[in-house]
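The two complexes that follow have subunit A in common; it is paired with subunit B in the first and with subunit C in the second.
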Partner chain A sequence: MRLSQSSTGLLLIAPAVALLLCLTLYPVMHGIWLSFHAKHSFFPGQTFIGLANYGFLLGDPDFWSSLWRGVIYSVSTIILQIVLGVAAALVLNEMFPARNLVRGIVLFPYMIPTVVAVILWKWLLNNQFGLVNYGLVAFGITDENISWMGRSYIMVSLILISVWQFFPFVVLAVLARLQTIPHELYEAAKVDGAGAVRRFLHVTLPQLMSVLFVVILLRSIWMFTKFDTVWLITQGGGAEKYIRTLPVYAYLRTFHFYEAGTGAAIAVVMFAILVASTTVYFYLFRRDERL
Partner chain B sequence: MARIVLDNLVKRYGDDEAVRGVTLAIENGEFTVLVGPSGCGKTTTLRMIAGLEEVTSGNIRFDNESVENLPPKARDVAMVFQSYALYPHMSARKNMAFSLRMKGVSRAEQERLVQSAAELLNITALLDRKPRELSGGQRQRVAMGRAIVRNPRAFLFDEPLSNLDAALRAQMRIEIKKIHQKLQATIVYVTHDQVEAMTLADKIVVMRDGRFEQVGDPVEVYQHPTNKFVAGFIGSPRMNFIPARLVAENGALSAELRDGTVLPVPRGRWPAYRPYADQAVEIGLRPDHLTDRQETNAPSCHFLDATIDVIEPTGATSLITFSIDGIEFAAIADSGVPRRPGDRIRLRADMSHMHLIDLASEKVIAPDCSTA
Partner chain C sequence: MALRCLRELTTSFFGLLAATAFLATLLGSAVAADKVVRVWHTETNPQSQKAIANIIQRFEASHPGIKVEAEALAWGDLEGKIMASLAAGSPPELSHGQPITCSALQQQGMLLPLDDVVQAIGEDNIWDQIKRVCRADGKYYGLVHAAGTSLLIYRKDWATEKGVKPPKTWADLLDNAKALTMDTNGDGKTDVYGMTIPGDNLFINIMMGELIKANGGGLFDDKNRPRFTEPQMIETLEFWKALTAYLPPGWEGHGYRETFANMYGQKAAMMFQGYGRGASLIEQYAPKDMQSTDHFDVWVKPHGPSGKTPAAQVDQEPWMLFKDAKNPEEAKAFLKFFYQDKNYLEYIQSVPIHFFPITKSLRRSDAYAATPMIQRWSGWLAAQEHYLDNDLVKPTMVVEWDDLNTKPYLMQILGSGVLRDMVMEVTVEGVDPKTAADRAQKKAEALVKKAGFAKW
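Up next, the complex of A and B:
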């Protein structure tokens, strides 16, 4: 039997579509379905309760504080990652001795497993014997040790650790783009009378826009849904409440309070926020990408 | 516009000497073309004038002001790049206005200057397009417009036509020449295409291995090359170089080719060529002067019979390739006569246009007088 060309095509993409439906669409739909039920996380059986889970979240101060902390965490880490990543990429794009070695070293944090990175930083930031506090005191920047994992500084620590861990992704993407910018554009700008700052503003930055658009989008999604780094830092301290973001709160609701329905509702809210903000982002910033 | 002087200019990259102490005066309003094969140092010289390349030693002066230590922006030159180097995210209008914006020129003045340059280049309708929406020729015009709006002290062109097809290149050559005639600008133009050099230049500078081989007006360089390299590089098709022996017999000089053919040397050149009598030399003769065309029938002509290897019709004439004693020659033949490879052809060698080349120095021996 000979299949028509279109049937063969459909048959060939069918496994990929089936996989996508099973691994993406089904969990999303199941999550949405779950959010309309009261369900214990481990026992079978559930009761349909309509929008009650969402109603609960509206009146739940922990939900709102988690959402707010999540926004602070995402926005600040993204801004710092972009600034640091672009700056590092610009430096690494210049010629200097041992450039390739330095490029490799800069990428290290991104390759270290999160659990190792967090343990490492917890030691470095330890308020009694941490190297960071030792340095700050030794150089006279502070008089006494700072409690980095305490209530006042734990969000700062989380942001710093996350930026350190994830800015190499920005470096990688931006450096790749920088290397493709034709050198003649800079020479033309030099001859046209543009100094270093103006060359950056009028040549480099516009050329980076397309890659920054994608990098900001991806990092926003990843930082807003970041669980492991935040969760690992909350372990073993007393100030975990002050860095509790939505993914952590959804986990707590599901596996500590055994409220799978509420946990699912939080996940659905996160999903909706991401869809909405991504749509707005595309609408506002999507430029012609054929630059 | 400025008078540009290069004084013993040297550029070294490590041990590699790209430009080896060149000296040149480019007069105000003069169209100077640096021409030479790839790697001869012509682009490096241009980039040193622009300030994009540091000078190892020597001096560059614009109207007696030393500029070799000034950054590009302080030199007030405009450059047109081979790749055009248009800013891809800016419209043609913004590309052209960019340098004015950097200088702080008012918006109204920017617009006026851009419009005026756009009219000169016939690109008014393209001003709001981005570079990717323009054809190669249109981009070339915008790149030139970007240079023109500035009214700089000098225009520097770095092989600006090499990315265009042959027809467009010929058209743009005319446009560039027109613009030069209109603006009377000092232009330094780099190309590897000797046709471009010949057609555009007021002054042609032939470069090889970082040195200036010959400087002069195009016709002078074509008619009186000073050495074998220039003789071979300038002129298309390339000059024939024929190994020969200069023979003196009864006071008369003639060139005896390896196969025994004897080509008489015009009488007027005997005094200058006599020191080379009985020596091995090379005779340079352009294909235009080795032809079957009837109009070339001067007394200085000598017949040469050959068997055609290849025929390349170019229109009214054909380029004929043949060989004598293993050496390949090119000649121009009338396309009107039907011919095939293997046919015999009788050519006239117009020896009044011959060049005598000293084998040791590869210098062309000046004939002392212009007529044969």
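Up next, the complex of A and C:
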């Protein structure tokens, strides 16, 4: 018996679809199911409680403050990553001695494991013996050591570390696009009397828009759900309360409060926020870019 | 031709299958010969790991057929890993854990008693204080690996210079902290702070347990309702707030190691949450001429305005034997071997000032007394002995011994950070103690209710 062409096609994609369902759809659906239950994180048994977990979150000040901190963290890191990443890519697109070496160095933060990056920065930012404070005091920028892991500066530290760690991704994507922009466009702009700034605004930036569209989308999702960097900064000291973002709060609810249902509800809310934001983002920008 | 090919293929296939089956049987019987005892512990320092490795090596040599696999885990990873392994039905044979974790798991029926091990050591040979940990229905569900109490460490040289006396009350301690907050070079800026404490969740919880006990209060009542709005707690929060005037700026971001760095780095004069293992850090990092009790000594902790006696925390994680463990008898055999004086001494000597032996025989032995570090820091050990012998110390979050068996939600309260957030609101954010206590009360009530322990 010969299978029809369409049946053969379906048969061939079946393993991939099954894998996708098992690894993606099932955990998501299980998470949603869990969010309607009161369940201890490790012991068996659960009770259906409908929307009670969501109701609890609505009245939970810690949930709202975590959401707010998460928004501050993700928006500020994304803006800084894009600005720094595009600027670095523009520089690295120019010809200068040891360009390849510098390109490698710029990519370094993105290649090292997060735990190494965080430990490194925690040493650099140590308020008593850190190199950063030593430099700031030595150059007269501050009179006294700054407590980078204390309440006032821990969010700043987190943002700086995250930007340092993740801006190379933007560099990589933008640099790849910059190398494909035809030189003729710049030459034509020069002939029309455009200076460097106008050439950037009217040639480079429009050419980068499609890449930036994707980069901003990906980085927004990744920064909003970022857990490891935030969590590691507070291990062994660090004012955790002041950088507690939603992923961290979901983890705390699940593994420290042992409330798997509440943790799942937070994860579902994060998922909903991301879906809504992505939809709006696509609605606002996609048409122009014809993606 | 095709038929011959097929026959050859079939012969080869079955030959390969038979060989594989034979090898698998051989391998299987070889693997089955060793019974594995998996051990999780929290002593991540190299000396303790080496001591444990040596004990295991000797145990395996004297117990053929048993293999011990030890894994050192950071405190932060342990609870989650234990819970996940229990949920998966594959816990290790033995693990360290907080006393409150041990009691909570015992009440869930997840632990096996260690009475055989206690009998092998000799029940009378174990200090009474130790025998209270994780004990239920007359059985020992946990056996402490070593005890070490928290200590109020101070700079003896500076205290003598300033004429500062041992504090009896919190008011005395604040006076001392004020006197020891110093501008040493006359530039108008503070160079030495009177006190250093860690700001991370675990240590805030530990300190809160100590302070509320030392102020005659408690954390939860008999009906499991939080007691955060009671006067003793408000006084505790007010004391904590007053203490912050003498703490280094940004103390809330300091970890335990940083507070020790503040001490041996000449930045702080007192440390409220010190431990015996700090003596090793002082010997490693303090200036050579200062590595002694002439410079770093300990005081007994003071009590609060509503309390009468000092209180401290004892770091005494018990070994737990899990019900679902595959080789419980072998695990008990390992523990019996571990507590034999020769082996136990090697373990204790890996952190001699913090690891207080649980056996009287070892504590009284000449070999223990001859340990050089013990001779150098005898004052620190005397303070710990004073706390232990007078029952002035309790495990983390435990205010009365009964709490271990009646309040299985303490582990969740600790992990939730409710107490830490309350302390931060008062000390760092400037929230009024009553307002912060009221908020924490509501959060803790919700947590206890959700966990199903509310009886009010």
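Just so we're on the same page, the second predicted complex is superposed on the first by the 285 of 291 C-alpha atoms of A that agree within 3 Å, B and C clash if a C-alpha of one lies under 4 Å from a C-alpha of the other, contacts with A are read in each partner's own complex, and residues count from 1 in each chain.
Rule of thumb we're sticking to: contacts are C-beta pairs under 8 Å (C-beta built on N, C-alpha and C of every residue); 3 or more make two chains touch, one makes a residue touch a chain.
Since the model is a prediction, treat every value here as computed from it, not as a measurement.
Taken together through their common subunit A, the two structures put subunit B and subunit C side by side without a clash. With the two structures brought together on chain A, the opening angle seen from the C-alpha centre of subunit A toward subunit B and subunit C is 150°, to the nearest 10.
In the superposition on chain A, A:Lys241 makes contact with subunit C only, not with subunit B. In the superposition on chain A, no contact is made by A:Glu94 with either subunit B or subunit C. Contacts of A:Leu185 after superposition on the shared chain: subunit B is touched, whereas subunit C is not.
Within the superposed three-chain arrangement, the count of touched residues of subunit A is higher for C, of the candidates subunit B and subunit C. In the superposed pair of complexes, A:Arg151 makes contact with subunit C only, with no contact to subunit B. Of all C-alpha pairs linking subunit B and subunit C after the chain A fit, the shortest spans 50 Å.
No residue of subunit A is contacted both by subunit B in one complex and by subunit C in the other.
Partner subunit B is touched in their complex by these residues of subunit A: 182, 184-185, 187-195, 198, 202-203, 206-207, 209, 290-291. Listed in rising order, the residues of subunit B touching subunit A in the complex are 50-52, 71-73, 77-79, 81-83, 85-90, 98-99, 102-103, 132, 146, 150. Note for the complex: subunit A touches subunit C at residues 38, 41-43, 56, 62, 126-129, 143-144, 146-154, 234-241, 252, 255-259, 262. Residue ranges of subunit C in contact with subunit A, taken from their complex: 76, 80, 83-84, 86-87, 108, 189, 198-201, 248-258, 261-262, 265, 267, 412, 415-417, 420-421, 424, 428-429, 443, 446-447, 450-451.
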